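The two complexes that follow have chain A in common; it is paired with chain B in the first and with chain C in the second.
So, the complex of A and B:
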């Protein structure tokens, strides 16, 4: 109510009627939860709980029985999955903050989707660190005995800071929407309305509040970019600060950042496709967005390809004894099929296919994005696991299982649970809060950028 | 109004600071006073006085040495003063008889296929002959593993030993990723191992028994130069068990290494025999030197038998 007043006073061009239609559209997913949504949430909860149970088994029966990890391959699928989730968590940087700062107006309906994906995945990434610890019961040792010289401590600090930043970025921009929810949603349980009331912190939408809000959002937008880059780079340093030739690369931080940029574009495409279809938001998440995201995908694909060439082909040209085993294993050896599939789907496909306009339509682009995402997950697997298979001193006279790591069912269940957890958080969020920022879209419309809402 | 407030709060702050300072000084004085009379521990130790009498005094009057039975965790971390343990391995003498491996497993109460000391078959190029290469933790002077440890659970001691604090390790395995020599092993909680530790953990019947325990489940273990044996001047289990005397253990400051049979002057041995350290170019500065496999005691015999086939 009060927002409308302030808005309509401030922006005369925007009629109350138009705003009401938009609000109805964007708030509708909150008002009713369909049977499909219930099944989906139930499914994700089940997978997540299965992961919790698997973790319980892992901790009670011992990691020797429950995981495929042995000496030599001591970092398994938990760590590679952690890297993947960190990549997802950069959505806020690449799909919201950077676009906002550089005035790409089409960011408006995307920013909240990106922010909630970031928050959900960084939460699960944090959990992944704990799951992979040999002694999770000694987590507090990090605070009692923490050494700032260790990249693990950098990682903990940057993950925690980024988590807080994600909460703030998401929440501050959410305040006006909470007020909108409070004022316009009535057929909801009392506690839910109460929650909107408490969380909106007495937002009235007066000019001064708007000024403070926009300033805060801008500051956070600027801050989250270096923070996200730091997060990604530090997680690359977990590897490049070691003396293992496969990881000992000055290129690693930038290589990881570029890979994450591509992954966030792919994530965004899938998220936009899903929300558009399920919540009937075609008027807000338009074909234009797929067109733009497709173009972004090509750009990020080429940047990622560039870093891959630096990372793999330059050492391959020299083929030093240090890199030989690892690279030959990837290019022509045991992992060749795996490696080249990842290169094909994770780099070639996103760099080339969306060059064609037809491929930038919602469905084809979403299929491409799915391939990129799956290849992206396996890319981190290829970085972490075969990277440990060729230490400087040869592996000799050890059981077969020590040489070849295969993730156990328990490990895979836990990994699935972290992915399900991320999806669950995003889904539940979208059922309680508008997944598209009402005020940001309205603001865009008010500034005469009509194409955001009605593109062609 | 605001200014006044600021002023008064600043004044309060200063007042608080002064009080805190006095309190700190008080505790310092109190501590200094009590330090003059150390607490009696009740534990008597025998000491020899300057005039040759053997007297019994309270252990609190005797300065602590790591050699004493109950040393503090700081002392464990510091290591033995005036020692710098070092090792030289004569590759010409290793015949891969695996006695060092078995001796180590017994001394530290752990079971195969885990090995703190491994013997690898190495061949630098086709034209050169293969040789056996015993490898273990090199207790590097620039250790990549201690650098990355987030909780200081692995650390470099004054006496050169890179040690582990199994009570502190959180099991992140970063040290294992960082070690270029794959010297570290993780206790994944293999049921047989856990059972073995339970049954034999306190078994000291082995003459080479090393008091430093096997890693707890979920922590990282590795060769510790048989810390307590080294401290007492005893030779580590692998050195004792090697039938060919290939492993020489000693003290850099004393300039001496021994395999229990022959004793050498360290520097002369290293200089005369063309000693080298593995992967010198990594800058890890290992404390284990190798003497090249020249003038071998035995012809190289390939081992066809794989020992650690069972997981």
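So, the complex of A and C:
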């Protein structure tokens, strides 16, 4: 294979002193685990194990006894949590792939954080589906007896495919960093060093390897965008392909994708804030990133607001009989406080507050992002659950408990466990691998110096 | 005094139940006739007791369905000739065109419960068009998915997984390029 000599020289520049300092900064979090990190990991593990135990109770005692699910509300908090986790899993699309392809240089320190969040959340989202099914041992029946015409089958296929794509996107871009870990980290257990050696796949950093790696990363970056959009859209189609008035909407796919975009920006703000503070990465995750993420939040907030207007105000203008019960319930009925809180914190706050420069500083923006995430979780709850209480045929002569859904303690524990599981995977990853891609940042320092170094 | 009240209530209940049971002691017999009147399906229920037609007795008409009887309109009282006249709808579905029609007296104050039934050819035969049941469609079973749907789905899935497998192969190529040097 003939390799351009100039290209080869360019890759060699990674070994300069600037790169060495950067490498030390970015590898430091792997070398030592503080007491705080141990407590945090212990806490997340405890919550996750509590969820495993709750799931054991659910499966042994039966769903009717252990959950609030009844004949009318058959999709409860597991499904709304699944939608939230799928939204998080698009971080790789919105906070890495799109920025990478459109040459926004500030993506470089963020890309791996986004990829890890994507992989962790899609893993937990897949688990959520199985928990919701109730009979995980029959999962393979979906493939044996499933109909290709069914959105449920599309969902299973796209979740599995997206999971594999996330693994590859994360892993292939990680190979040079694994080699860096192998060569520069010494005070680690033998098995860990052996793991770096095996996973680095004989990486030497020669020009041919760089060429193959960059080409593959580019292909996967292009692939993951339609795949992520398909994942989110199919999740929306699970609802919109039904005739239930609250879900029967042609707007649902785009509405869900736009919501995910906003949630991924909020997630990245919190993740960047946490890693910056805990791992002392202020030189790499700078205030510039918060400024950019704040601007992105405003943009995504307005797009999401636009789709919300389509989703709620257009049916409200017509107020047909089928929609009336549900919409009045949300606007002025028993869900009103809940609904307007979600609109305020989940749409109005992220669309308006970060317009002001002071609100795009790390702490204020992180507080806004936290509000957006909490509101985002409840938004999916409002999409999935209240609609089921208004079936096409009126509810008559049924026990009172069937009319209203309240998640049980077991359901809430399992949901908390999936969130804790996502955080645990991200945390454990950051303790074994560089959470910021050393080579991508180094490359950015060399190629996009003006933008990154001279920003303020 | 309190015990006396209870005694009085019990006596009244006993007397009431005895009176009702004696009052319902009379037997009644229903005879059903079916006729076409000006293209209408008319069913007449004649109620006689001790050989005498009785008037003002509520008769209910119903038609047998799969699990239970479907009421046909409201109950109608017999006239002075002891006949209750019902118009039977002409669009009641039936498998072979036959309908089992029931007339009954129930909970009457004077007469005991009575029932009569008859078979008549007034049903509308429903012909189900199942000719398309084996056609391929979105709503069909897994073995009858539309060909275009299967082909396009497999193409998309194959294309995406093709890229993913290609990416995995590139990882091994990276390893090979490392060991070659």
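Quick note on the criterion: the second predicted complex is superposed on the first by the 436 of 456 C-alpha atoms of A that agree within 3 Å, B and C clash if a C-alpha of one lies under 4 Å from a C-alpha of the other, contacts with A are read in each partner's own complex, and residues count from 1 in each chain.
Basically, contacts are C-beta pairs under 8 Å (C-beta built on N, C-alpha and C of every residue); 3 or more make two chains touch, one makes a residue touch a chain.
Just so it is clear, the model here is predicted, and its values are computed rather than measured.
A.B. asks: Record, for the superposition on chain A, whether partners chain B and chain C clash or fit.
C.D. replies: clash
A.B. asks: Would you sort A:332 into first (chain B), second (chain C), both or neither based on which partner it touches?
C.D. replies: In the superposition, A:332 contacts neither chain B nor chain C.
A.B. asks: After the superposition on A, what does A:243 contact: first (chain B), second (chain C), both or neither?
C.D. replies: first
A.B. asks: With both complexes superposed on chain A, which partner does A:319 reach: first (chain B), second (chain C), both or neither?
C.D. replies: Once the two structures are laid over each other on A, A:319 reaches no partner at all.
A.B. asks: Using the touch definition from the top, say if A:139 reaches chain B (first), chain C (second), both or neither.
C.D. replies: So A:139 only meets chain B here.
A.B. asks: In the overlay, work out which of chain B or chain C sits against more residues of chain A.
C.D. replies: Chain A has more residues touched by B than by the other partner.
A.B. asks: Is A:168 touching the first partner chain B, the second partner chain C, both, or neither of them?
C.D. replies: In the superposition, A:168 contacts chain C only.
A.B. asks: Is A:409 in contact with chain B, with chain C, with both, or with neither (first, second, both, neither)?
C.D. replies: A:409: touches no partner chain.
A.B. asks: Does chain B (first) or chain C (second) touch A:62, or do both, or does neither?
C.D. replies: Touch status of A:62: first partner only.
A.B. asks: With the two complexes superposed on chain A, say which partner A:394 touches: chain B (first), chain C (second), both, or neither.
C.D. replies: After superposition on chain A, A:394 lies in contact with chain B alone.
A.B. asks: Superposing the two structures on chain A, identify the stretch of chain C from 41-49, 59-67 or 149-157 that clashes with chain B.
C.D. replies: With the two structures superposed, the offending stretch of chain C is 59-67.
A.B. asks: Where on chain A do the contacts with chain B and the contacts with chain C coincide?
C.D. replies: Chain A residues touching both partners: 145-147, 149.
A.B. asks: Using the touch definition from the top, list the residues of chain B that touch chain A in their complex.
C.D. replies: Listed in rising order, the residues are 113-114, 118, 120-122, 135, 144, 147-153, 168-174, 176-178, 180-182, 184-191, 193-194, 216-220, 278-279, 282, 284, 306-311.
A.B. asks: In the complex of these two chains, what residues of chain A are touching chain B?
C.D. replies: 62-65, 67, 69-72, 74-75, 132-135, 138-139, 141-142, 144-147, 149-153, 156, 238-239, 241-244, 388, 391-402
A.B. asks: Inside the complex, what are the residues of chain A that reach chain C?
C.D. replies: 145-149, 157, 161, 164-165, 168, 171-172, 175, 201-204, 206, 208-209, 212-213, 215-216, 219-220, 223, 227
A.B. asks: Can you name the residues of chain C that touch chain A in the complex?
C.D. replies: Listed in rising order, the residues of chain C that touch chain A are 138-142, 145-146, 149-150, 153, 157, 160-161, 163-164, 166-168, 170-179, 181.
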